[in-house]
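Chain nomenclature is as follows: A, B, C and D, assigned in order of appearance, with residue numbering initiated at 1 for each chain independently.
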């Protein structure tokens, strides 16, 4: 049985140790925070100038002055700090975040990621902070479905969509598997979802899937 | 006596010329200088280049300014979001120019303009479509692109509290682009929720020193924002 | 539980290697991490490159570290001040290397290192002896020199209050180089006058977010400094 | 009678209008602040992260955490703000200071200033913030004696000392005169000290001194 979205987010959360500074992309990555146990201190960053984001507020406790990069209302935890956009991206670009978790259209076996423009002809794609995060975070993990809705592999030999950054992804979490992206080798299977066979993973991946040595 | 507090919106907007580059603060609805954008719509300047994170939503504010045909070009990181209908229409019709800049590069280019740095190298966008046509140089074994400062003629920003010297504080995530843009324009205009006496903001708590601010207007956002 | 507060100076200094580049905060006596410099003298690392605004005064602190022959090179803006006797002696004897950097360029090079900017152009020092040998390019009709980021292996800084996540505040003119250097080293060690509970520093009041800080040690400077 | 040091500082102060942001160099320039009437709001900047410096404190009211760029204890006025060194020099380099007043070894007729190294052979001169201030301030005024102690002119055709910055000085205040530095022309006499003749000023200046048109 493949991981569902909740299980995928939980699976990523499992691998985040206490003390890491983490930026979670919009969409499924945001769900990762919900699966960090409260006693494990992980500090969440938001591009718009927050370190120490807490969970979403109760509807009657929303502070209209406090949103995350996805423009949803958030809270602050004790120890949080606020800063402006240039300082926020100095944290990102300067390599101070331990981890960034993003969604993607495609990840290539060499660690390339494409997650901003859906085609070369899309002339007004929204890049946001994706290129800064992919270039700057110490580690980049991708959390995404293994294939597109119509069954096309999203783990590929070479990205067909415009790149967000080259050679930066170190791990991919999908509904079928957890894969390391190893320099000079490619996708190495770290874990298959319960009941998912290596054959199925290989069949749904458009690049070689190696087994750990 | 130095007094940067202006009495009305007309005074706040005085002198903004056609063809200006206008930096507009805010991220999402927070820290967005809504009243100043309305003031600019009223004021009439046209042929503007707007620098902002987004390209407006709905048909008010920045979207309205664009819909009125007053924006020649927009420089932003995230033109397409839910509700960016006006931008989509204009862009498809070839009626607005677009320069997409990664969000961190956008912030850093504006910061550079304010800090007297005309150009800098960054790893962001190297090897991507947004890095094409830019000077590339390797540092520490990685390619970097050269980016140039992005100054404004005018900056429209939103603050929480302001004093008559133009010292500003912000609330919550309301800093975002505002303190950065405040440094980078020839004319920086701030709308503030509160005007406080000189000295009421502790020296440690000032986020934007008055040296960067030319005009301040009080704009009360009403109860939910108080 | 994240806890960056260390119990003693040996723990604060653990792992500083020979040959390290050490950024040392402070301007004049304010914000100077005196106790950490003493700790470094005790710890024993040698062949150091020190980055600081000044080259030490008297025969204590940084001057003592130099007098002990532990500093191979100093990068600073103001090597000669009243009392920089040790530096003078060593420099005249050819026993210490010196790189003079204009104060603002020094701050910006350190900031760049922390912000992932490997190089930038600045008008400062263009056309002067300190600009010689540097790449020159014209922007806006003025010559600018290319300066590179100046990262540290270690940063020693002084703060006013700190919490266990390493969030820091400063007092008076005690910020100076400290918040900038905190961003630019692999290992940032802060001495703080006060350790406060997590959450005691308001999110708005944090000057150095804990993301930049690795270790904190409480150092009480005594009554006149309380 | 030439201006004495107090009169020189007061003469500079006279020309600083309300609302200007001003950095005063170490030494005689610092004295300028004492001659700004209290009702005229001029905001003083210090390189080490202060806007809104007030006068020196009473000896029993010294705050050991608050010094200026000359490392003397100072006070803050209402409206003051504090920031770090990179932000402080962003203010300087970014052209946000209306005025910087510095001392100098030499000022040339083309606006060059030499005020940091006393000779080409001085291998460890202290530059401090002088090159940033001269490159960055909107206006650079020099306040200095007209000649050296041994009578050598300090206003010259070409600086003999290493430059701090090229072509930046717009006005010079000395014990003998106030001179504008006009592009393409050189030193233009704006005012002679009481009882000082144009002949004396010319005799003590190693470059032409023009009279205003």
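The rule is simple: a contact is a pair of C-beta atoms (placed from the backbone, for glycine too) under 8 Å apart; a residue touches a chain by one contact, two chains touch by 3 or more.
Predicted model, so just to flag it, every value in this text is computed and none were measured.
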{"item": "Pair joined by the larger number of C-beta contacts - A-C, C-D", "value": "C-D"}
{"item": "Whole-Å separation of chain centres (CA-atom averages), chain B against chain C", "value": "33"}
{"item": "Centre-to-centre distance between chain D and chain B (centres being mean Cα positions), rounded to whole Å", "value": "35"}
{"item": "Approximate Å spacing (C-alpha centroids) for the pair chain C, chain D", "value": "29"}
{"item": "Sites on chain A at which at least two other chains make contact", "value": "82-83, 89-90, 92-93, 135-136"}
{"item": "Residues of chain B engaged with two or more neighbouring chains", "value": "108, 111, 115-117, 122-123, 170-171, 204"}
{"item": "Category of the chain touch graph - line, ring, star, complete, other", "value": "other"}
{"item": "Touch relationships between chains, expressed as pairs", "value": "A-B, A-C, B-C, B-D, C-D"}
{"item": "Chain C residues within the chain D interface of the complex", "value": "27-30, 77-81, 87-88, 91, 98, 100-105, 107-108, 110-111, 122-130, 170-180, 207, 224-225"}
{"item": "Contact set on chain B toward chain C in their complex", "value": "108, 112, 115-123, 137, 139-140, 144, 148, 169-171, 204-205"}
{"item": "Chain C-facing residues of chain D, complex", "value": "46-50, 63-69, 71, 82-86, 88-90, 92-93, 117, 120, 123-132, 135-136, 162-166"}
{"item": "Parts of chain C lying in touch with chain A, wherever the complex brings them together", "value": "1-2, 111, 113-117, 163-165, 167, 183, 198-199, 203-204, 206, 209-212"}
{"item": "Chain D to chain B touching residues, read off their complex", "value": "18-19, 21, 41, 43, 45, 51-52, 76, 78-83, 89-97, 135-136"}
